[in-house]
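Shared between the two complexes below is chain A, which has chain B as its partner in the first and chain C in the second.
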Partner chain A sequence: MKYKLGTAAIAAIMAAGPVMADLVFPSLSYRTGPYAAGGIPFADGYADYFTMLNARDGGIGGVMTRVVECETGYNTEKGVECYESTKGEGSLVYQPLSTGITYQLIPKTTADGIPMHTMGYGRTSAANGDVFSHTFNYPANYWNGASGAINYLLEQNGGDLNGKKIALVYHNSAYGKEPIRTLTELSAKHGFEFKEVPVDHPGQEQKSQWLQIRRDKPDYVIMYGWGVMNQVAVQEAANIRFPMENFIGIWWSGSENDVLAAGDAADGYKALTFHGVGDDFPVFDDIQKHVVDAGNAAGAGDQIGTVLYNRGLYAAMLAAEAVKTAQEIHGVAEITPAQMRDGMEALSITEEKMAALGLPNFGPTFDVSCENHGGTGLVGMTQWDATAKEWTLISDFAPSDMDVIGPLIEEDSAAYAAENNIEGNCG
Partner chain B sequence: MFYREAGDFSTTYAEDQQTFPIKFDRYRYYVVLFIAIVVVPFFINDYWANSLLLPFLIYAIAALGLNILVGYCGQVSLGTGGFMAVGAYSCYKFMTGVDIWWGGELLFRLPEFNIFFSVIMGGLMTALVGVLFGLPSLRIKGFYLAVATLAAQFFLVWLFNRVSWFYNYSASGQINAPERDLFGVLITGPSTEPWATYLFCLFFTIVCAVIARNMTRGSAGRKWMAIRDMDIAAEIIGVNPLRAKLTAFMVSSFFVGISGALFFAVYLGAVEVGEAFGIQKSFLVLFMIIIGGLGSIFGSFAGAAFLVLLPVALKVVGVDWFGWPTDIVAHLNLVIVGGLIIVFLIAEPHGIAQLWRVAKEKLRLWPFPH
Partner chain C sequence: MNEQLAFTIEVFANGLMAGVLYALVALGFVLIYKASGIFNYAQGVMALFAAMTLVGIQNGQVPFAHLINAIFGTDVHKFGWSVHSFAAILLTVIVMIALAWAVQRFVFRHLVGQEPIILFMATIGLAYFLEGVADLMWGSELKALNVCASEGNCLPQGMNVWLEGTTYEALGYGFFIDNLDIVASIVAAILVIGLVMFAQYTKQGRAMRAVADDHQAALSVGVSLNFIWVLVWSLAGFVALVAGIMWGAKSGVQFSLSLIALKALPVLMLGGFTSIPGAIVGGLIIGVGEKLFEFLIGAPYLGGATENWFAYMLALLFLVFRPQGLFGEKIIERV
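Take a look at the complex of A and B:
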């Protein structure tokens, strides 16, 4: 009882003082645990972009932004706690960076009327905005990723994958299981043999999986991994001398952290992406000037320009653009979560916009609509150069096979709509 | 002064044997119940329900269950997470209608159970599974039994990940609690009112606590404690070890299953077995009863409250007040919990419950200690 009263007092004081005059962007980050290597750069990029907007432009549309960070440790329970403790502060958009927490929050955010942006993760069928009114996953999703990888391989093999063996090494969770349906459909369409190789959380132990791969000798390995699992997989692939150029990771398995540990052996490893790599963009000058030199960089400030930092920055940029769109639509500067949702739904990213923001050619151009919350699903391929220690984009952003993905999205979202009695939002 | 029996006369055996024989203690208990049932529901909001009260109540049930097994019967178990998963998945199957297949054909489908009975079924199925995994306890003890239950933990998680029947063949392997109501009030799903979910869990917590309290001080509990203290001596004085151990496993698993079902259906709403019911969950509940107090009903509540509230309190103080980085606070939490476990094991092996007992004793003698 004593403890209860003590916390009661603490929480009461905490609940007493929300400040409403800002644009609040909660950052459900994870800087601890087995997934911290991925969580830290993303959270840093997300926070730094808003810090820069505050310092350079005085916020968005004259209203200052505020990032509220909450540590989830990639754990769904803590994610719920973070969501409940931050939603009262006027949070505009949630980006949990965890598929598990996303599944948790899809119904909750919809009921509370707060939009959620799951960029390149989460529930793929949320691309169908007719069913998922408050969930957005532009510009690309897991199924675009799976199809993008197969398209790339088709191109490599002169359009024919018949009789090839492709293995999927995946994190045995909702995240890793996402591409299985798509790859199964694609294997039927293109005639390649598809094999599933699950790896259990957190993925430090993969000896048996890679022995299996050595025995089965697949032509290509696709990986859906995250956190410490990626480094181990790259190392194990090197150990069995699997040719690295035939090893393709999803964008969550394609950061510096994942390949540096394996050293030169990781040279040639490929990963998908939906945005540019490196720090050769004008926006980084502004980050340096307004954030780093001012001593306001988030975290240790050593992640700038890494793949996941760029992704966090990209997520923040898209959120900020959605705010601008919402401010234009509704004619108010201090927008509400409901107005933010309208802004996200009307978001249009053009080449001119990206260039003006200091991110020319950084990502694909796309338009969000009520029916399509998933963007265009353009996917590019990057490759790791172990001597230069950098990722390079080796293909254009190419479309994925929407003939296969479209019906799957339709089917999965229809099942969700039936389970939850959702009638179309777009009508 | 405050806590004393002077002037408090019992005239019947029933009065003498009640759970709280001292009047002050009894009224304190009534006041706590009154506040929990009548006052809290009027003030509760989403944050309080989902961040503090629901996890506290649900973990309290799990801790009660594990305490019966470990604290009262002396059988060490590391399978709590797996058993919670059994509760959660049974609850899910019963609330969506169990489908029975034979040779690739759907034989029949049970009607969907009401959420209340789904939770109970979750408990019953877990009790069954618990008895099954309790069988090795008849031959092995101590560390070896801990390892056997560890096997249960890993096997059950693997099973729920592997067999798609358990998650109704969903593509993601997650189970999602559909909207269900009790007397027209939503209990599961996203649109629930915090008071409804709170009262639903509170009901189960109170009933479980009353059952546990009365079982542990009745003949069943005495047999468990006899087995715990010395199993050979217990056998000689006529305690059947088979029945004593298996009933302990059964009752314990029933509670753990109920908590797993509530954890999934009411608290989280969507669950992934490896993440929600992994080995960490088993350890967390074990830490709760170690810190709270082995062999004590109050200890189960104290331990659950402590480990649920500590991270939240630390976060509020560290991040919101002092503005420390979130990762420092998260690490600090690990350090403090680890440190506390060591301190409790050395300084107070009987946990918070023992501190409470000592406090009561002090209150009784105050202001004239001798």
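Take a look at the complex of A and C:
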């Protein structure tokens, strides 16, 4: 009896304790709170991809993956608590999913030697790897997005935006203000008039802003919104009969959530993206077979192919590819966070690689280096079809204006380096 | 017509409309505070819960589906039918009455005689509990809300074309008013008239006022405190449903809907916590004030996005001169 009890106790301890041999991917998700509608599909996509790798491939390089989820509620303090409580699990890479949490974690992850991936959000100048050694924001950042929108409009207007009016409707927060400097520089370069229209959190009431737009009659509106602000903005734009095809959202304003509430009125609305849309990719067959049909989906399995599910899956794919790169570099299967950082810094995403993963043309091709943690900054444009209720990619992944963005990244990262006495990581 | 004057009138009119929407939320707070002295922190979540319940019933969604599936290994999500909007509203009202009864039976009955701060803390707990229940019951995903009398005859959205055309012909400038705002104003007017008539001319309404005036005196003449509080919470639940419909129709039903309560606070501070007409007038003043300030000063000189803080500043200004709010009962402490 004593022997049985002892065995049971050891088994229980082993089951309860962390399995150090796993490749651990913390997921700082937000399935509750005002932004839950956006947080759930991303967290599901992130978790489902790793579940599929475990079921289909036996993990990565023969080592099983483990997703450790921690609920942040999109709250910065909770996000930091999540980081502190999960970093001891052998966490390989953090995806904070919030610009506020990212700013708090940049010094912490650097000090702890754990890499962080802020894909399409966070501190834009973290693209400068010489200053931000442990933060990566490939394949695109906020400034790439702003420039991508202007490049798209240039293309639509025969390369000339001179005399055009472009308004930026933005969430009145650090996130929403990110593109202002870039758009100001671009307005000087291309001769368009630039107007800022801030919207206070949470953005449920935007009558003043859209009456202002009705009066000012801008040719185009670019939006950097999140959560309920997006849905209200799309509805208000429809209310004042602003042409939807001239209304462009950043990728955080371009999911099904943002347009479904407005119904047919949202038809034609556009949004930037740095990854593919829809479920017409071979990888989703594997997700269905190995994850959903096996009853192991993180959610109800009904989010597959939605914009934010795809983004979570894409983030997981990039993390898994960085693990493979790290395993190749260091010749070990069970990698450390420091080795993961090396893998991320040597990451190369090619079309052949994406096709082999069941994600042909799903995202831009790019290479990461010590100096460049932001990739090539290629962005595409999607458009909402209200009848079919689906987003369609209407452009190739095109380059952004690095002549404008490059110096801004240099300037901002140099200021951060000076504040924090960073001498440069790339020799 | 002078363009600047036309813009100002347009902003003023839209401010009135926005104020009506704020007042709709504030009304729920007033009803409960008036009858029980409880500042109901959960009023915003009640609007969210009511709207989620309405959409869930309309779409034939199985409540607690995820929980049921997780426990029993089933895969049920929908009943396979849809319910007409009016029937769904009726069923939602029944759910809100059941909620009112449960709140009274399991929370506030045990807190009779406690300090107001304890009751307030209880409503904070209630808010988080209700948010969790709403999540479990209907899921966290965003839901489109559409209340329709018949096929294609739903809550109208978008610019009122008739008004725009008429004002353009008469004044040379077509004014913008959102159709949904017009409907909200009519509904709010009916709601206020109905609530005032209920309070003035029905037995239950008079009992409600008696409880509001003095709990002990009302008890001594045979008024059931429990019944009145269930009645008041039910009415607040109904008002929350109306607010949830109007706000949810704009943005879809999602968890941020509960934040509409933030818009009601300056209205309450200004209009008073105990007056139904005060909630309406307060809402209109806040709506017009914040919109005009944003148009005339905020956007041109301060970089915009002034509405949130200006509403509170305006309310604070009123508080300095009239602490009980414009229509609130004067606070007299006898010692």
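Here is the rule we go by: the second predicted complex is superposed on the first by the 411 of 427 C-alpha atoms of A that agree within 3 Å, B and C clash if a C-alpha of one lies under 4 Å from a C-alpha of the other, contacts with A are read in each partner's own complex, and residues count from 1 in each chain.
Methods note: contacts are C-beta pairs under 8 Å (C-beta built on N, C-alpha and C of every residue); 3 or more make two chains touch, one makes a residue touch a chain.
In this text the structure is predicted, and so the values were computed from the model without any measurement.
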item	value
Superposition on chain A - do chain B and chain C clash or fit	clash
First, second, both or neither for A:Asp200, with chain B first and chain C second	both
Touched partner set for A:Thr32, first chain B, second chain C, both or neither	both
Which superposed partner A:Asn172 touches (first chain B, second chain C, both, neither)	both
Contacts of A:Gln212 with chain B and chain C, given as first, second, both or neither	second
Partner chain(s) touched by A:Gly61 [first = chain B, second = chain C, both, neither]	neither
Partner chain(s) touched by A:Tyr103 [first = chain B, second = chain C, both, neither]	first
First, second, both or neither for A:Ala265, with chain B first and chain C second	second
Residues of chain A touched, compared between chain B and chain C (which is higher)	B
Steric overlap of chain C with chain B in the superposed model, located at which of 117-125, 153-161, 207-215 or 225-233	117-125
Residues of chain A contacting chain B in one complex and chain C in the other	31-32, 36, 172, 200-201
Residues of chain A touching chain B in the complex	1, 3-4, 6-7, 10-11, 14-15, 29, 31-32, 36, 69-71, 73, 75-78, 80-81, 84-85, 87-88, 99-100, 103-104, 107-108, 110-111, 123, 172-174, 177-178, 180-181, 200-201, 299, 412, 419-421
Parts of chain A lying in touch with chain C, wherever the complex brings them together	31-37, 40, 172, 196-202, 204-205, 207-209, 211-212, 214-215, 227-228, 231-232, 235, 238-241, 257, 260-261, 263, 265, 300
Complex contacts: residues of chain B adjacent to chain A	32, 46-48, 50-52, 55, 161, 171-174, 176, 178-179, 189-191, 267-272, 274-276, 278, 302, 305-306, 309, 311-313, 315-317, 319-320, 325-327, 329-331
In the complex, chain C residues that touch chain A	7, 10-11, 14-15, 17-18, 21, 66, 77, 131-132, 135, 140-142, 144-146, 157-159, 176, 178, 247, 250-252, 254-260, 263, 290-291, 294-295, 298-299, 303-305, 307-308
